[in-house]
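Each chain carries a letter (A, B, C and D) given by its place in the written order, and its residues are counted from 1.
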Amino acid sequence: MITLGVIGTGYWGPNLVRNFVNLPGARVTRVSDLSRERLQHMEKLYPFLETTQDYRVLMDDPAIDAIVIATPVSSHAKLAREALSAGKHVFVEKPLSSSAEDSLQLVRLAREKSLVGMVGHTFIYSPAVLKIKELLDSGELGEVYYVSTTRVNLGLFQDDINVVWDLAPHDLSIFTFLLDAEPERVQGVGHSYIQPGIEDVAFLAYTFPGGRLANIHVSWLDPNKIRRTTVVGSKKMLVYDDTSNVEKIRVYDKGVDVHRHYDTFGEFQLAYRFGDIHIPKLDDGEPLKVETAHFLECIRQGVPCRSGLEHGHHVVCALEAACLSMREGGRSVEIEYNLSRAF
Amino acid sequence: MITLGVIGTGYWGPNLVRNFVNLPGARVTRVSDLSRERLQHMEKLYPFLETTQDYRVLMDDPAIDAIVIATPVSSHAKLAREALSAGKHVFVEKPLSSSAEDSLQLVRLAREKSLVGMVGHTFIYSPAVLKIKELLDSGELGEVYYVSTTRVNLGLFQDDINVVWDLAPHDLSIFTFLLDAEPERVQGVGHSYIQPGIEDVAFLAYTFPGGRLANIHVSWLDPNKIRRTTVVGSKKMLVYDDTSNVEKIRVYDKGVDVHRHYDTFGEFQLAYRFGDIHIPKLDDGEPLKVETAHFLECIRQGVPCRSGLEHGHHVVCALEAACLSMREGGRSVEIEYNLSRAF
Amino acid sequence: MITLGVIGTGYWGPNLVRNFVNLPGARVTRVSDLSRERLQHMEKLYPFLETTQDYRVLMDDPAIDAIVIATPVSSHAKLAREALSAGKHVFVEKPLSSSAEDSLQLVRLAREKSLVGMVGHTFIYSPAVLKIKELLDSGELGEVYYVSTTRVNLGLFQDDINVVWDLAPHDLSIFTFLLDAEPERVQGVGHSYIQPGIEDVAFLAYTFPGGRLANIHVSWLDPNKIRRTTVVGSKKMLVYDDTSNVEKIRVYDKGVDVHRHYDTFGEFQLAYRFGDIHIPKLDDGEPLKVETAHFLECIRQGVPCRSGLEHGHHVVCALEAACLSMREGGRSVEIEYNLSRAF
Amino acid sequence: MITLGVIGTGYWGPNLVRNFVNLPGARVTRVSDLSRERLQHMEKLYPFLETTQDYRVLMDDPAIDAIVIATPVSSHAKLAREALSAGKHVFVEKPLSSSAEDSLQLVRLAREKSLVGMVGHTFIYSPAVLKIKELLDSGELGEVYYVSTTRVNLGLFQDDINVVWDLAPHDLSIFTFLLDAEPERVQGVGHSYIQPGIEDVAFLAYTFPGGRLANIHVSWLDPNKIRRTTVVGSKKMLVYDDTSNVEKIRVYDKGVDVHRHYDTFGEFQLAYRFGDIHIPKLDDGEPLKVETAHFLECIRQGVPCRSGLEHGHHVVCALEAACLSMREGGRSVEIEYNLSRAF
């Protein structure tokens, strides 16, 4: 039985509590939140919970094996550091931290302490992303040329982080997972329309090893919610629309063949293939359930964590580099991970 | 009666011939094309046409008042120059030319000769764009913050021009028309996946006077055709989906209000308004018919041309600057129009 | 404080428990189910519940004011009768019973005992149906000519009731509510494809007072889920698509005007109006929450129940008549309500 | 070279002229119409046409091999009869006639004269319907249980025919073609909302040999245009949406398996299979081009006509029976074809 304490029961925390409560082999004993009202709400839902406004009660409780952190981003690093220092495994909501310096330190600390650290990058536990990964790994799409995401909506504007830190972590986690690699550099263009100094629209162009480009368009200024990822392969193309209930993934049997004929007329030819569309059935299942179960499994069996602290650190580095590029006029910024410094 | 000759009867030329043939007060007497087969096809459709493989026959025909040019982009400037020099009005397909130097020269020449020059930027004659213009001018959307277009499809790859020159002229013409202004600078990021040296994916971020940003995402590498423009205003937002048959424009009664309360808690508040959606009925009517009729009207009555050579020149300058930015690592490039040099 | 007991915690019962548990002024003390496993699940979620496999424990508990029945249809009448006889208010899932004879008896019994009886016709508590009612009552649609519903999906085939009893109760409740009237007669056509004797596809044509027609197409044999209701009025038309997340209702500013010119040519003219489309914003809120709160209000304040036993009886009579018509070759069947016999 | 004359150049006639003009091996020499204006329009488009307001000029012209009839339905039979009597092949727009008595006579006449008669049931020449036929014939869908069509829009109300004669000919032609059989009987329910005596909404339930049901819902009173056909087979299901530009056909890998277990608990089990969706690529090509070319081929090579007069007669008989059922309270009406009387 793994015993958990949860810090932060605002927007996302209750989902984490619900999932951990329902998992066999786990129990949640304590939750903390600054808001007395939120705590009363949790007590009503789960009468067995002990609640407190002081998160340190959880850190000091020797019965607690793991701490779940679902607080605002700015407090992630501090809380995770304290939890790891107290000898507890940590599950931190995404993004792992608000600076690469912090996330690198967490990677190092977890290694030193041999504790499990996991970041709540839920998408890479979702049936849709797992199906895309399967299609890529099977070679059905051929060589991947290009990945592009549009992730826009009328935003929940935040006053501490910009739209890149709010929305792009999803795509960076997904791309890193799908391409089995981390981006090498990035050019970003952003703009602040509503709150001076806090970008609400951004276009990011990441380059992955092998010259694969990954574009990300994020915005808090679109009246329509769009969650659309395109994967262009040499054999097939794929569109993943996360707002669709039943047809999230469409595989297009279309592709581009490059044929060059250097004949007397120097004619250039390019063949198009247009074909059928295939909409694969996806497994049901709540990604968060899979994700929380994976956290328990990592603790119990020591399996490598799919969204471990390194993964979270990669995302944070990529976000930081994008913002640097945006502020320096869109220049191409090399992304430094410095993971060697974690040892 | 205005007499026209049409050069180029390949992809788009036949539509121009059909429209000019059906307009009262106009007649098409001659068409030229390099392909004998295309000319035979035109003869079958319009037995009254005189056809030739030598476009100079049209230039030399004193009965012809205006020359319509629907040839590949690279020949636009040369042919338009010859037509103007021969004292004929010109209608040139978009984009006006492949360099700003050339388009500037055409502006100058038409002015000197007091001839009408028009560029085939069809979209600004379409019911949808005219409705958006009406909504903007009426103040219904409030102040425009931001305009964004996604114009992607599985491309008709071309070996002489890149995706920016192929697709972005539409958006630049539309934005310039809607915002009553020309862009001041641009940052572009592009990539060549299929043909070395010819970008097939690009993101362009234009800045218009007043700091209004206009984003353009063009791609030949998307299996789904998307033609989607978002206009974000202070009062309402609007989405224009040109692939929809009957619901091209949606006006969202959603907006963003900025309220800042510097109270003791320094709390920041931002109000969202979500509301109804309105889908206005659009007029029927082929944009090309309106456009061709406008050309005749400009010749007959000397009214200013909505898509005159200056308009076409603005678009060419903006395209050229975007490509420069793309090739110089995304740096912000000032757009020079040099129209003073046209006099 | 109103104390409730819930019989049946299978498919829909847990939603009722959750809503009643969360309502101020109510408490659920006991639940019963034949399945020991379901009861254990409820105990885990709500540790304060007393559970039993014998529903009579609830009937006999003097502390219980109202009984909620969420069992299979065939047991509704028997359980509701026992509850009313035991002096308890009842909330019965839809349809109220499997025969008009039974539902009539329940109406009579509740009246005699002066107890509240309510049927779980949730749709008439939903924001979408309430908005349609508002549009109709305001006269915005003009006179209603015709209502039509398509309610099809790949069915959860049931072996005790046919598709009419499974799906049409929703539409009959909605139509009765919207038109403020009960249907007078019905013609039905149905077919059994999968299970002999149990119709899985049916078309029902109801006539409401004033000659208004209401068509219902229900099917368990459609691979796509469709929930689409059309309301055709003399001024405007409306489509209600319940599968849409954010655009459930569309009001079409289209209508039909009948102009008859008996001139010398005897020409018949009919004018069409085509216009804008309007998508009204709907309130949020779970219909079941509104519905369960209404039940408490009916008990406490004696307000008339929007989906009381009479309403439920109307629906049962209309269902029964449709099935009779289907089995008698589609003949037009008069619907008898016999409510005078309820006194 | 086959020489054609076309009677009627109103709504649909010009499309027929255009197609026959462009087909190799055919020429259109004369057209007739009551409207002088329509004839002038045709002269402008095709200067080589001889036009007349008197259709008998065409009948009397010995150079004309075939007559194309695109006039209002009520005149079809009379004109076709005259053409056949004059020894000319006929192409008649759908429906073939307004009574089964008439269409039977035309079948007989064409046989006696050994002339080709064809009805303009265009849909069975369309890539979508041909693809469905291919899927059915290959056995991919299994045994067909049920076919259902919704064909509704805001109607072009007509004062001579009702919505059944206007819209249902398409579905009857398609179903007859797909199922390789003619319907045996029909129950119909209809209503007249706008024009007394002319039904504008109807539901028709046809039974085909083998007990296969085919439902047709037609309406002139729906603000949304819907053209949706569902084919439910034992192995797969299919939805054909003719309003979709690029995804007309979706094959659902869903089906229904009937397993009956008469075990001690008498439990009934039904298995559902849910699976992938497949959207086949369809050929391009205008159905009318294929159809008109087929007419020439039938004349030249004597191949059997896919939409010959018998096919057209089947459709007319099925329409007539549906209207009879509608007017007799929805009783089941046997459909008599009497083709033996055609010999």
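The rule we apply is simple: contacts are C-beta pairs under 8 Å (C-beta built on N, C-alpha and C of every residue); 3 or more make two chains touch, one makes a residue touch a chain.
Please read all numbers here as calculations on a predicted model, not as lab measurements.
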item: Path length in steps (a step moves to a chain that is touched) from subunit B to subunit C; value: 1
item: Greatest separation from subunit B - chain, by CA centre; value: C
item: Subunit B and subunit D, separation of their C-alpha mean positions in angstrom; value: 43
item: Whole-Å gap separating subunit A and subunit D, where each centre is the average of the chain's CA atoms; value: 54
item: CA centroid of subunit C to CA centroid of subunit D, Å; value: 39
item: Residue list for subunit A, restricted to those that touch at least two other chains; value: 274
item: For the subunit A and subunit C complex, residues of the former touching the latter; value: 47-48, 245
item: List of subunit D residues in touch with subunit A within their complex; value: 247, 253, 274-281
item: In the complex with subunit B, residue positions of subunit A that touch it; value: 145-146, 148, 150, 154, 157, 159, 187, 189, 191, 193-195, 201, 203, 205, 213, 215, 217, 219, 221-224, 230, 232, 237-239, 250, 252, 254, 256, 258, 268, 270, 272, 274, 329-332
